[in-house]
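In structure tokens below, several structures.
Below are two complexes that have chain A in common, paired first with chain B and then with chain C.
Up next, the complex of A and B:
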């Protein structure tokens, strides 16, 4: 019995790490490149989840098919929010942008609660409950699919950042903004694009989460906090670092849930405090974009 | 080619450049010399559009460029190798060099220019996949010059290429600059090493606490007693 719980825990942690990586990667590029701790990240994730919910409930669109739609809509939203709102204070100290994204989060959550009510809702396609067993370990299909889609999206982002001109311009801007300008990189557009990517990734994560778990307007905050802790764990702005941080965090979360169920909600904060005490630069070492 | 008229530049309340006038003709090599803190880098940043002038005009081939965004100025043909190299430390040497061609669409020419800069700095060819931050000081400067050339500018501004480098490395880098000049590129050389700058240049301007105090043919300035005393230490 003990060993079954242990094996199931490992499977659950691996599945969770994929989603967390997707949540954290968008948070990480915005933090690493724009130097914004984007507290609205989880709110965008929540909106992505609701887009999927409504497309499914009103139009019967399969939740996996709604992934590109939710990401595209939130990409545009993210672009506009950065270009015409955050850009106004981008030169301001970190605290100002921090507060602005905090306000943004509250507004989005309040609007969502107003229009969609605070109830828990679920996206329930026919295949929602299906899965397969490995011995006695249960693997739900939707979570497995979400895991692989998360890996693919993270991989695509890595390819985009490494091998395309625009991706290189984004990284260059994060490393040395004056030098990037001297190569002809337009900073406002690059910032808006980066924020749009972060927002789209959050929405994609929201879509995938909504297929496996119930959603409500306040669901995002816990993900913002986890993304923050994962970035601290993995080192800022490095995609492999974020992947590693996500795996470590997912295992801690799942197993602390098994062994110390009463700590479940505090675990992200506990990990954060521990990391900051033991290794302030994160376990993967130095920030990459700076 | 470049005509600067009555240029005033300030950081907030603190004015750094006063009524600067300067002219650079096509295919000319001009040196801008002056002590540390005179305002040389400020002038280059203003020409490249990283700083907006308080007043005055900068014309490039007849177009007013003062206050234009940096990417438009680069597109018109003014490139810069900034002081302190400003490489993208976490990116590879190749990625750094290719960032110089960020705005260019002429793929075939970009390829040729890439081969040309590797010819100029064979050391870069051996280091293409290394992070730029891991290079030695001299190699970083080569990488920065290579990146600057990849924009294929009509006018190249180079800022303190010799700073902090051993004499042999400096010679190596300026040999490369000379080859670029021989190909017909117009260059504005900023140097604290006045002898080095005057050796390369056709004409020179002397900037002192934000004002142009002297200008003329480089060989005449080299013989000028005030220059000799103040900058060449002879």
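Up next, the complex of A and C:
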């Protein structure tokens, strides 16, 4: 029966990698373009999850339908936060923005704990827990759907960045801010837009996570950390890099969870340390976004 | 970005996460002059007994956070007792009666916070006696504070034996200790089907659950079962699918979970996701609370849980509740649901105090402590008697099952069972 453990592990890892990619891509574009390590990323994810939870609990809105709502709300929030808060210190050294987003994270988590209490909550639509089996391997519908939605959102982002004028402006800003400015790119707006995109992606990931896992105000930290590791693994270079980093990380996490459950987090971080020592630019990375 | 900066950032990030994780939990301050404050508190208390006599019980209970639901049951149990005893003008102390008051703080399911608040209850609020928080971790922390200030604490929700292995004199537990929790389920399963061979145990990495699991493992092996899986998940785990997958590959006859309500719900949900269907699903904490049924609906069917107490047990007592059935009626009238055992044992802690205070004829902390140590009383909750360490090893555990009709019934021990144990667990794909 060991082979079942192995095949089910592979399925779990693939499904997990979709969600992780969505978490990490938002984190990655903010890091790559704005040069901000956005510690508040997980907090935005948590707020996205709560938006879904409340829409479901209070108004019975299906969690998948709440996806655009939570993304739209957090897009606006992200835009305002960047434009009127982070932008004030955008020229400061990396450590300053790092600390600012750390403070932001603590504020958001504490406000959430204050208003919503620290209880673990679950979004429980009727179809939660249903799935189909491939031989002995179980595939839950909810996670499969979350996986495909993550892929679609990632694909849309890739198309946006590659084929639209605004997307090109964002990438140009990441490559060479002065050249971009000379070409007429409005830097503050572009920065705010990028940050808003990252925040909306975090919220989208939060929505999808809330359908499969219990949520609480402190849930985000673990995802920020994973996004960071994935970005280092995959490099900040590209969307494919992040996808690859997510797959690698998901496999490490799932299989260390099967073989050494109590050391799961330690092993994941050990991998981060090893990558930093051996190949600090990531498996496929370059220093900016393109 | 240079390698050095990246490494620095990683260090900062990890430190930041660690800081955030302990947010709100500062180290317990040892207030200077705390002892003096406590003594003056005692004299004040004694002075006030001569005017309008009252006895104040203080507790830090989890009203938010991981143990919020269990904590609510604890608070309900305490409050129900206080309401009932005050209808009779309070606890008899010598030749007069003292009204009872409760002072409860929210410890946010955090052991450090719990200890801090208990210190505040002693030094600032000058409570007469202490009641326990919810959970072994928090109880472990708070009993140390009670011991430091020599204030008795009768606790009802910390079952780990390590709480009592420190030679403390002021801590007492009314509930059965952790290693006994899952034994009833193992006995019951083997009684039903002697052909069961294998057990898998998943464990929350915390004081209580580790002892529950070890106790269950030893007992299962003693009974000739093979333990094919025995592993831990992190205390704040939100995803145990890897453990479920590993267990499923071992195809165990019995799956036992050592943990608390939230983890139990998580294990059940993900077992359904991944199609883990053993013949018996049993847990230390969770299946016996109404919240379990609310969270899982029909998926709660067949699941059994260990119970310190059930509404159907046949105890008789001369305490204010009399029988488990009468306690159940009162609780239902006040809170609208069947009482979970956490509420009953919490009320029982106050019964233990009442009987000790009556025996001592005084509210003096040391006299009441001695009376508690000598207590031997049959309450609506079962026997209240403590061994030298302060543990109640005299009361048996029961087992309850979530029935297919939506009810929750005592199915073990046989003499108290109101329904037969439904066996085996109906596999997910046949539902």
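One rule holds in what follows: the second predicted complex is superposed on the first by the 286 of 290 C-alpha atoms of A that agree within 3 Å, B and C clash if a C-alpha of one lies under 4 Å from a C-alpha of the other, contacts with A are read in each partner's own complex, and residues count from 1 in each chain.
In this text, a contact is a pair of C-beta atoms (placed from the backbone, for glycine too) under 8 Å apart; a residue touches a chain by one contact, two chains touch by 3 or more.
Predicted model only: the values in this text are computed from it and were never measured.
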item: Partner, of chain C and chain B, that touches more residues belonging to chain A; value: C
item: Contacts of A:94 with chain B and chain C, given as first, second, both or neither; value: second
item: A:168 touches, of chain B and chain C: first, second, both or neither?; value: first
item: Chain B versus chain C as contact partner of A:176, first or second or both or neither; value: first
item: Contacts of A:184 with chain B and chain C, given as first, second, both or neither; value: first
item: Intersection of the chain A residues that touch chain B with those that touch chain C; value: none
item: In the complex, chain B residues that touch chain A; value: 48-50, 69-71, 74-75, 79-80, 82, 86-91, 95, 98-100, 102-103, 147, 151
item: Residues of chain A touching chain C in the complex; value: 1-2, 4-5, 8-9, 12, 37, 39, 94, 98, 102, 105-106, 109-110, 113, 117-120, 122, 124, 128-129, 131, 133, 138, 140, 143, 212-215, 218-219, 221-222, 224-225, 228, 232, 254-255, 257-259, 261-262, 264-265, 269, 272-273, 276, 280, 287
item: Parts of chain C lying in touch with chain A, wherever the complex brings them together; value: 1, 3, 5-7, 9-10, 12-14, 16-17, 20-21, 23, 64-66, 68-69, 108-109, 205, 231-234, 236, 238-239, 241-243, 245-246, 248-251, 262, 265-266, 269, 272-275, 295, 299, 429
item: Contacting residues of chain A [partner chain B, same complex]; value: 165, 168-169, 171-172, 175-176, 178-186, 288-289
